[in-house]
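Below you'll find the structures, each written out as structure tokens.
The same subunit A turns up in both complexes below, where it pairs with subunit B and then with subunit C.
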Partner chain A sequence: MKLYLYGIIDFSNQITESVYGLEGAGVYNIPFCDIGAVVSEINQPIQDVTEGVVLEHEAVVEKLMADFTVLPVRFQTVIDGRDNLLSMMQCYYRDFEDNFERLLNKFEFGIKVIWSADKIKENIIKTLSKEQQKRLELGSSPSKKFMNEKFEKYKIDKEFEAKADKFIKVMDMFFNRFAAEKKIEKLKTENLLLDAVYLVEKDEESNFREAFELVKSARPNFKYLFSGPWPAYNFVVLSKKSGLLREPEQADLFDKVTQSQTLVGADII
Partner chain B sequence: MNNVVVKSKEVTLLEILDRVLDKGVVISGDMVISVADVDLIYLGLKVLLSSVETIEKLRGSPFTGPMQEAR
Partner chain C sequence: MITSGIVETDAAEEFIEEIEKSQDALPKKIDANPKTVEKGLAKLVLTLIELIRKLLEKQAMRRVEAGSLSDEQIENMGETLMKLESKMEELKKIFGLKDEELNLNLGPLGDLV
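The block that comes next holds the complex of A and B.
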């Protein structure tokens, strides 16, 4: 029996709500100690990946997010049987527990900010143009001209980066106040000024949204994309090595597994 | 209006794909039969060259409004 894995949750009992996953299969929780792996049965890994299949996966994760802390698992993770799944849970248990502690009551929000690189550069060129003109006049030989042009381009690029840094710093000041963690990427492309994800406490969600509105109104000429709340896709950290338990802990864990599974019994919804 | 809805849907889908296909817990080891080959799937879904920026250029209008209410 192959198991399609959607996510790990901080819950080791049956999920009471009926949830259907890929191929319309029933989704259920396989407990391990005080956590669980949410799976559905599958005949073989999906060959024909369509938008619909990806959305089915995401729908299950989102349903889980409503009730539990979820560590979302990468799409199309298929595990060969229940025993292998329990071995995996044992290997990663420490990591999973650390993540649950960090991510409890927190969601991820995505923010993308687009500016017009051409316009920004135009403005920079305007500012620098007087100085540039002087330089070009001074350097009359072709080699001097070439060097001056190169230097001007370098100055424009540098100023462009400096402007990006300045804007991102100001925006981040607003968002960071309400975020527990963040990941920021500057200028992924020339127009994509900011591509950021923030981890936000549930209680801070409205403050975070307000901060976004403030930023948006302060710079209406930029374009914004706000998405979320998401499960913490970008903030799950696995160290792998620390996932392996020491021997006495392993023995203890196996006791817990047996007890837990006996208590839960059939964990299918 | 229709354009905005289609665009909002595309942007939302892109955000979902970026997360579901490229982020989250990656389990490694012999017990795992398959993990998504992200590049192949992106190719298969023909969004490899799509990005928020290009969608924005293609569609023209700002996407802040609908996107904020999309989820």
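The block that comes next holds the complex of A and C.
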């Protein structure tokens, strides 16, 4: 019997509320010590990943999130039978415990910001042209012309990066006050200035939202995306060394998890 | 269906476009099946050469900026970088590779180039 795994929770009794997961199957908790693995039974791996299937998975995780600390696992994690699941739980038990301690009463929020790279570059070029008299003239041979062009581009790119750093630093100052942890990515594309996730205490949720509104009103010409609260998809850390078993046994058990899925910490948002 | 997480934005399409763009540019694997092994390998090798070329170019620009290069050194460096760039263009054409394909996602370490 294959088990579709939704997440690990800090609770080892049966979930009293009726929860239905993929293919409408009943969701239940398989206890291990003082924690549990939330699963439903599945006949075969998911063939077609549709929006509906993703939302069914997400709905279970979010329902769990309302009552427990959840370590969400990657979408499409299927484990071959209860014994393998329990072995996996034994392997990672200490890791799971550490994560529960760190993530207790915390949610994840996502923030993305778009700026107009073209406009920013246009302004930079204008500013640099004003400083033309200071420009370095390297010469007129083909290789020096080449170096001149590259140098102009280098200066624009450098200024572009500096502006991105400056804006991100200011925005992060607002969010960071209410965050326990964060992961920030700058300029994933030229327009996607910021792609960040923040781990926020439940009690700080409204302050964090307020900070977001402040940032938005301070820079209305940028575009914003706010998402959450989510389980801490991006903040679960597995050392893979903390289990009760020896390393080779751990590796063997880990291989039994189908589809080579990393167990926890996936980003399906 | 109960979903407590919300997504708020007034520019959904633009965000989708940018996210797709960032994902398209970052293949997570080298395509090395028997039919395309040559191209897969070329892609890996050219990605590494491109990384080194960009690093060299950046270092050269830093030195130009700092004014630590003589006229002759700038001339030589320009010629070298120009030839390197044109050779790369040639190789990309031979293997049918585009600029955006010369990148690798190194997982938690981010992008190679």
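Brief remarks follow.
What we mean here is this: the second predicted complex is superposed on the first by the 228 of 269 C-alpha atoms of A that agree within 3 Å, B and C clash if a C-alpha of one lies under 4 Å from a C-alpha of the other, contacts with A are read in each partner's own complex, and residues count from 1 in each chain.
Assume a contact is a pair of C-beta atoms (placed from the backbone, for glycine too) under 8 Å apart; a residue touches a chain by one contact, two chains touch by 3 or more.
None of these values were measured; they are calculated from a predicted model.
In the superposition on chain A, A:K186 contacts neither subunit B nor subunit C.
With both structures placed on the common chain, the touch criterion links A:Y224 to subunit B and to subunit C. By the touch criterion stated above, A:R102 is placed in contact with neither subunit B nor subunit C. Contacts of A:M147 after superposition on the shared chain: subunit C is touched, whereas subunit B is not. Touched residues of subunit A were counted for both subunit B and subunit C, and B has more of them. Of the two partner chains placed by the overlay, only subunit B lies in contact with A:Y92; subunit C stays clear of it. Within the superposed three-chain model, A:L55 lies in touch with subunit B and with subunit C [touch as defined at top]. Once the two complexes are laid over each other on the shared chain, residue contacts for A:M65 go to subunit C alone; subunit B is not touched. In the superposition on chain A, no contact is made by A:K121 with either subunit B or subunit C. Once the two complexes are overlaid on the shared chain, A:K163 sits clear of subunit B and of subunit C alike.
Of the residues of subunit A, those at positions 55, 58, 112, 114, 189, 191-192, 223-230 touch subunit B in one of the two structures and subunit C in the other. Across the interface of their complex, subunit A is touched by residues 11-13, 15-17, 19-21, 23-36, 41, 44-45, 51-53, 56, 62-64, 67-68, 70-71 of subunit B.
Every residue of subunit C that touches subunit A in the complex is listed here, in rising order: 1-12, 14-15, 18-19, 21-22, 25, 57-58, 60-61, 64-65, 71, 74-79, 81-82, 110. Looking at the complex, you find that subunit A touches subunit C at residues 55-56, 58-59, 62-63, 65-66, 112, 114, 136, 138-139, 141-147, 150-151, 154-155, 185, 188-189, 191-192, 195, 223-230, 269.
Subunit A makes touch with subunit B in their complex at residues 2, 5, 7-8, 45, 49-51, 54-55, 57-58, 61, 71-80, 84-85, 87-88, 91-92, 110, 112, 114, 189, 191-192, 216, 223-230, 233-234, 236, 238, 240.
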